[in-house]
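Report on one structure; see the data block that follows.
Chain lettering (A, B, C, D, E and F) follows the sequence in which the chains are written, and residue indices restart at 1 in each chain.
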Amino acid sequence: APVRVNGFVCKNPMKVNADDFFKAAALDKPRVTNKVGSNVTLINVMQIAGLNTLGISIARIDYAPLGQNPPHTHPRATEILTVLEGTLYVGFVTSNQPAPNRNKFLSKVLNKGDVFVFPVGLIHFQFNPNPHKPAVAIAALSSQNPGAITIANAVFGSDPQISDDVLAKAFQVEKNTIDWLQAQFWENNHN
Amino acid sequence: APVRVNGFVCKNPMKVNADDFFKAAALDKPRVTNKVGSNVTLINVMQIAGLNTLGISIARIDYAPLGQNPPHTHPRATEILTVLEGTLYVGFVTSNQPAPNRNKFLSKVLNKGDVFVFPVGLIHFQFNPNPHKPAVAIAALSSQNPGAITIANAVFGSDPQISDDVLAKAFQVEKNTIDWLQAQFWENNHN
Amino acid sequence: APVRVNGFVCKNPMKVNADDFFKAAALDKPRVTNKVGSNVTLINVMQIAGLNTLGISIARIDYAPLGQNPPHTHPRATEILTVLEGTLYVGFVTSNQPAPNRNKFLSKVLNKGDVFVFPVGLIHFQFNPNPHKPAVAIAALSSQNPGAITIANAVFGSDPQISDDVLAKAFQVEKNTIDWLQAQFWENNHN
Amino acid sequence: APVRVNGFVCKNPMKVNADDFFKAAALDKPRVTNKVGSNVTLINVMQIAGLNTLGISIARIDYAPLGQNPPHTHPRATEILTVLEGTLYVGFVTSNQPAPNRNKFLSKVLNKGDVFVFPVGLIHFQFNPNPHKPAVAIAALSSQNPGAITIANAVFGSDPQISDDVLAKAFQVEKNTIDWLQAQFWENNHN
Amino acid sequence: APVRVNGFVCKNPMKVNADDFFKAAALDKPRVTNKVGSNVTLINVMQIAGLNTLGISIARIDYAPLGQNPPHTHPRATEILTVLEGTLYVGFVTSNQPAPNRNKFLSKVLNKGDVFVFPVGLIHFQFNPNPHKPAVAIAALSSQNPGAITIANAVFGSDPQISDDVLAKAFQVEKNTIDWLQAQFWENNHN
Amino acid sequence: APVRVNGFVCKNPMKVNADDFFKAAALDKPRVTNKVGSNVTLINVMQIAGLNTLGISIARIDYAPLGQNPPHTHPRATEILTVLEGTLYVGFVTSNQPAPNRNKFLSKVLNKGDVFVFPVGLIHFQFNPNPHKPAVAIAALSSQNPGAITIANAVFGSDPQISDDVLAKAFQVEKNTIDWLQAQFWENNHN
């Protein structure tokens, strides 16, 4: 049986080489964007086995014109992002702290070379406000396996569905609105 | 200036006494439930200064008949819960793992004495399905300051509001649905 | 060979379900108390496999009238406790800090709903001072595998026995007192 | 106000020098032993400010003939020890694991140059079995502030005293035995 | 006195805004390279106060033709790097593991979009082998304050100098070679 | 397949005994010193399996007259050292902090019983300045597997060799000086 650490196979040290710390042509090419107009290409421990236990990963994010990386959280990582091309409107919402800091929305328009931080576990998004040009960002995350939870997909697109009684009251809408939401196609947007 | 650790005041050790590790009558009494039919009474480092650095907190949750502790996350804690009275329908949704585990909803009906775990950072809720009787649970969290993010409140009740362009696309609804949602009163439900 | 993390089997993610985060009827029923008048029902990673790596566990403790959960430590966890029924006299002793804080005993009488904290690694106990009524508490611990060391059992009931020469000097008693102590039956009180 | 980290003053980096990482003549000289025949000279963050956050400390332990470093725990550190002079009988007791590992006593006679490990939080001791010669050991601990709890002192010599009702039942002795124990002088043995 | 965490000032939560998580125009512009042909622009907790405790930072590295980011270590971080422009020859050396893995040099030529990992604490470098074109990379580090130790500068350019007796023997050269090395100007190359 | 934690075999708890926490005659005897006049005898998790996960190790270091433990780092540990015999000139170099703290060399002459700390990841060394007498130290490290990187060996003695173009520029010397250095025999000095 192979040796595993954190559940991932740990290669025989005698056979480790530079390829175990390397991924070719991973982040240079624009990729087709999804239904909400983005595409996250994450290089984590699944792509580079040598990242195991080392606490970091990196991603390229492509944004179509008016595309977004929709509101989501990373349960195990803080994210730091810089814009390579285009413009991004980004933000995160604070937790249920005492008012007036409760659910405070902190946002910023980022241009090329700007840097922004999304603290661990908070709901955040990036949106390309430009109707004509795509945008590109590089983001880094403080885990070799940060996880991602797209809020709308997890709430309305789970399998099986969450009870519409629960969601109707939580979101203060009619049950048929919830049913309509749950009937949509919730495309995965963090591969 | 007082000594602080983690930003919290650290009492002079010469003056520390049992009261610094104690909170009286904290979790015994039913409390009035909020608009969604619950009330979370959390005893964390803000209530017991001696918890600082010790990595745990405890809560009582009251549920009205058909009340819920709506979908939320704790950015810094796993939660373990046991039912003291009544019945709860509880669940959490996994993250964007590879299919078929993507956004899988794991749920259970809990009776008195049952125990359930909500892993760190995942969206979870509890709902009292009984239309006549209240329910009560004790929950413990693996942080002295776990934080809480109520999904609906953070997404639709943030201050200021998140752009309705962004939310309309993320939730696959019309902008006026988002506007209507943002116009609701989003009562805090984790004091 | 199964995948293991922390030495515990890690279930195939494709087969994970709600039962892996659940324990039925674990903490609702009073249990027969032991020789010192208590019974600790701990739900940790051995009972709920999904707790692995998540850093928390929960327990119900039953106390007979005049029963106690005798002086013990948890080598890997802080404990937070709340009283469900009855009254408890609880306390812990600080470590060998500079006087006057050396081996300071901090104690409190707890009633229903009170909360108390026992910091990681310190010797603590709970005692039910009521000669007629039982007591019940819920305690949470900041580890999925906190461990427990009952002081009297570990010192006088170890297998094999610690040299009576050592213990006689450490406890400032005659060797025959130690021999008498070691001859007692030291019932396990943390299952 | 000075900058503090972990509650300890953090010197202005512009003024830091080699003395902040140094303690002169700390561990070379035999020291007078206490009532149980030992003397622990611990160099931790209180003696060397530069140790703050660095997770290690070192000690010299002197043992009189037939002297002991009595049963104790370190709530925040594992200990590794090597004998410089003489012979030591050492051991630790495991926690309340399932039988037959419950409260198992693991012991060894150590000679000069032998190395032994005492895992974090477990009750352990060292005893010099030689009636004529002293012994000396160097021990290292995995914390800059490991803490120490001498079992007998914390249980019977606390201030104020623990109720003799509680201790009599826990230790399976008469209350007057407890009273006699509590009336002894419990000299501190970890300065 | 301001509240500090980790030694850094922690802004009053009531006054926190998006600028505390933001750095404008930080990483877009080529910068003049130093004597060895590189320039590291690191955005860490000194540039973005909101990064404190969050465990990540990001950098842009410019390389002149034939320029290098010379052999160095980060004492508190793993690094993950992707090439934005040009070509880089990169590598790291393993530690004193048992042969044949002792001081093994793992290297790779990286092109645009390739990703490479430098594990925490290991000596690594990047070199632009192209005599005509510059190169640019984005690197992320698993600490908000990773630190950097340029090997040549720390060994031969320290203040005061390390004894040439020590260095001559360590590097197996004559003392006058060491003296000559120590007389050079060791320009800082990690601002 | 055996259970492994951190990649190391975890013995069946039923078969664990004191020998799993013990190493006989490990640190008492002077050992033959290497080419640079030292010999590090490290007792880590490879020598004592019971150290796994416990975060500490211990070493004896022998120094010939004028011998040295050459400049090196530990990527995963702080070191604390005390002198048992003789005299040592020791020091470490700070990282690329803002001037005037950049690459500051902090050094001290240590005599018997003195204690010194080498913070995690920083380049440090010990040198025996006495031309006639050996020296001996005990060092402890804050990891069960601290790792060691001898600077000269890793830079000039790696397998395969680092490009002499890179090293010539980094060390500000001619390529033939690098070639000469790389042609030396770089004996391992941390077994």
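Going forward, contacts are C-beta pairs under 8 Å (C-beta built on N, C-alpha and C of every residue); 3 or more make two chains touch, one makes a residue touch a chain.
By chain, with names taken from UniProt: A, B, C, D, E, F = Germin-like protein.
Fair warning: this is a prediction, and the values are worked out from it, not measured in the lab.
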{"item": "Contacts common to chain C (Germin-like protein) and chain E (Germin-like protein) (chain labels)", "value": "A, B, D, F"}
{"item": "Of all other chains, the one whose Cα centre sits farthest from chain C (Germin-like protein)", "value": "E"}
{"item": "Label of the chain whose CA centroid is most distant from the centroid of chain B (Germin-like protein)", "value": "F"}
{"item": "Classification of the chain E (Germin-like protein):chain F (Germin-like protein) interface as same or different, half of numbers criterion", "value": "same"}
{"item": "Chain C (Germin-like protein) and chain F (Germin-like protein): spacing of chain centres that average the CA atoms, whole Å", "value": "41"}
{"item": "Rounded Å distance between chain A (Germin-like protein) and chain E (Germin-like protein), as computed from the means of their C-alpha atoms", "value": "27"}
{"item": "Centre-to-centre distance between chain B (Germin-like protein) and chain A (Germin-like protein) (centres being mean Cα positions), rounded to whole Å", "value": "23"}
{"item": "Where chain C (Germin-like protein) touches two or more other chains at once, by residue number", "value": "1, 4, 91, 97, 100, 107, 119-120"}
{"item": "Pairs of chains satisfying the touch condition", "value": "A-B, A-C, A-E, A-F, B-C, B-D, B-E, C-D, C-F, D-E, D-F, E-F"}
{"item": "Chain D (Germin-like protein) residues touching chain F (Germin-like protein) - in the complex, by the definition given at the top", "value": "13-14, 16-19, 21-29, 43, 47-48, 50-51, 54-58, 60, 77-80, 82-84, 91-92, 97, 100-101, 106-108, 110-120, 138, 140-142"}
{"item": "Chain C (Germin-like protein)-facing residues of chain F (Germin-like protein), complex", "value": "1, 3-5, 10"}
{"item": "Of chain E (Germin-like protein), residues touching chain F (Germin-like protein) in the complex", "value": "36-37, 66, 68, 70-71, 73-76, 89, 91, 93, 95-97, 99-100, 102-105, 107, 119-123, 125, 127, 147-163, 165-167, 169-173, 177, 181, 184, 186, 188-190"}
{"item": "Complex contacts: residues of chain C (Germin-like protein) adjacent to chain F (Germin-like protein)", "value": "1, 4, 6-7"}
